[in-house]
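Just passing along the structure, written as structure tokens.
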């Protein structure tokens, strides 16, 4: 089930070598290997419950695979988490927001952990995802779509090289979806990498699109 | 009280502690054995079912 | 050296080995414990001070020493499993816990049965008995955590970490209990003073300790086999081992 | 792209947690209320004669402090794991051990420190001799962080489980017992006018051990729970 190797010429940053993962008695995938280079998007698809999210979590270093290794820039992720996490960002199912903090407070905490970011950077990130008016609204007061936009703002402003996106389109309206496609295309153009799990087809242009089907 | 279980005024204490130890140790063996056998049988059934299908 | 551990660490190899070894350890345990018990009960002279009651030592001391021995081994196996991710080590740790808890319970029970004729009360806040009680809580905590987590893999890793935390804390608990005991306990109630053991008293005690050790290994091999089956991913060797062809 | 230093990340995390805590103070009053209520139970349960209360005062204060910190540990990580922010923390470039230590420090400031500050009043209610109060406060100031750190380790282990409550206390109490022994002993010695510096040193030693080892255990436990 491994896909063809990365295009020669683009140095592969993310390497997965014969990953295997079980959920209870069921094996989700095994001998799964691939490598991802700059400017490449890996679109992971599969039926519900086939382990797409689990695979993403393994690639992020959140879940420990049964066997196999994930390495970034040739180094095992589990060995040097700080370097890897500094260059990646994860948008998961849950919005990872504190309900009692405003969108701005949430974002400023998340971003300042990664790099010095001034209040202007925060506001600019929120404006870019169309939340200019909702900067100081408590996160619990935001709609699902708005919360998803805050997560996207976090990914955009994180200056990460690798985006790991789990169903980024959920809860987004049509303009929101176009916006996601647009930023992904831009990211690929500036030799970023994207790991995408999404049921519907994406509208990403540019960069090399690769497919990984999980049985 | 059979003669060999006679330990002066401490008979009940000595006999009861040894009896308790033997019971608990035997219990461990029975528990482990039964658990292993149950698991082996269940796994055999599962595997032979898989074998057929 | 690694090749040996890796080979031994592979479940199929361990499974075959344990099937062979279990009867040996089982019989050794039976013989040693019978000899130690009979010797302790009938051949060893009664203690001049405590009379016949002191014979309980022949089961109390082996239980107490095994309760500590099993916990340390459980924690080491868990650490090996956690650090080098060897499934067999987790299986051994999971198998050892109930046996260790039984030994701890026995040490407590025989200790309090022994205390009744000596000090007239079933429970005396003696340093060693109190440490034994805390060890029992550590075992229950380990088993309760393992039972509370459904996913096998996570249960192994979480309980392994708990066992390591427990192992680091055992010396601290022992010291603090001793420290607490010497301050509160008036000197008159001597601690569970083991009467002076001369030659022929000691041999039966050592026999029993060796017997308890063999017993632990025998039951461990049985339980660990079950744990290995539960964690088996590769069906091929499992079919072979269970004779499903 | 320079990742901020450890001190900055630590302060950031403590700042955020303090701001969050002040947003809903009610939830934080529980351990404090619990501590006061438990100590008022004893005079009600027993006859409130000063001699009796004075005799049991050290034990009551310290057992109440231990149980209050146990109660507080439950809420240490549960909120963050439920809303997903812990996941982002585990994926941030900052070491998870440091961030969890920062969270525990913030949690101690909100639940442990108030216990220390209110302990004189509770001690007074139990007729604890006045000369023992400073030593008790000092010992509590050393002991409550240890209890928070132990609670943090065990909370990280059980945070993902449905029925963590009873399990959490079963895991914490055996490990927290030496703290109780040394702490109650410090108050006891001070009460009888003897020198209690020995117990204080032992508590300080336990605090150093806890501060150096438990953050890594917390991080490992959290990574296992997030698996």
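A, B, C and D label the chains in the order they appear, each numbered from 1.
Here is the rule we go by: a contact is a pair of C-beta atoms (placed from the backbone, for glycine too) under 8 Å apart; a residue touches a chain by one contact, two chains touch by 3 or more.
The structure displayed is predicted, hence computed values, not measured ones.
Visitor: Which one of the chains is farthest from subunit B, going by Cα centres?
Guide: A
Visitor: Average the C-alpha coordinates of each chain, average all protein C-alpha coordinates together, and give the chain whose average is closest to the overall one.
Guide: Chain D is the most central one.
Visitor: CA centre of subunit B versus CA centre of subunit D: separation in Å?
Guide: Spacing between the chain centres: roughly 43 Å.
Visitor: How many angstrom lie between the centres of subunit A and subunit D, each centre taken as the mean Cα position?
Guide: 37
Visitor: Measure off the straight-line distance from the CA centroid of subunit C to the CA centroid of subunit D, and report it in whole Å.
Guide: Using C-alpha averages as centres, the distance is 32 Å.
Visitor: Compute the distance, rounded to whole Å, between the mean C-alpha positions of subunit A and subunit C.
Guide: Taking the mean C-alpha position of each chain, the two centres sit 48 Å apart.
Visitor: Taking each residue of subunit A in turn, which ones touch at least two of the other chains?
Guide: 64
Visitor: Quick check: what residues of subunit D touch more than one other chain, meaning two or more?
Guide: Residue numbers touching two or more other chains: 227.
Visitor: Which positions in subunit C are in touch with at least two other chains?
Guide: 151, 153, 157
Visitor: Which pairs of chains touch one another in this structure?
Guide: The list of touching pairs comes to A-C, A-D, B-C, C-D.
Visitor: Looking at the complex, which residues from subunit D come into contact with subunit A?
Guide: Per the stated touch rule, the residues are 1-4, 8-9, 12, 16, 19-20, 23-24, 83-85, 87-88, 90-95, 223, 226-227.
Visitor: Subunit C touches which residues of subunit A in the complex?
Guide: Of all residues in subunit A, those touching subunit C are 22, 24, 27, 64, 66.
Visitor: Given the complex with subunit D, which residues does subunit A contribute to the contact?
Guide: Interface residues on the subunit A side: 60-64, 82-83, 85-86, 88-90, 92, 94-101, 105, 109-110, 112-116, 154, 159.
Visitor: What residues on subunit C touch subunit B, complex-wise?
Guide: Against subunit B, subunit C makes touches at 33, 37, 41-42, 46, 51-53, 55-56, 59-60, 63, 95, 98-99, 102, 105-106, 109-110, 113-114, 116-117, 215, 218-219, 222-223, 225-226, 229-230, 235, 238-239, 242-245.
Visitor: Which bits of subunit D are touching subunit C when the two form their complex?
Guide: It comes out as residues 153, 157-158, 160-161, 163-164, 167, 170-171, 173-175, 177-178, 181-182, 185, 202, 206, 209, 213, 217, 220-221, 224-225, 227.
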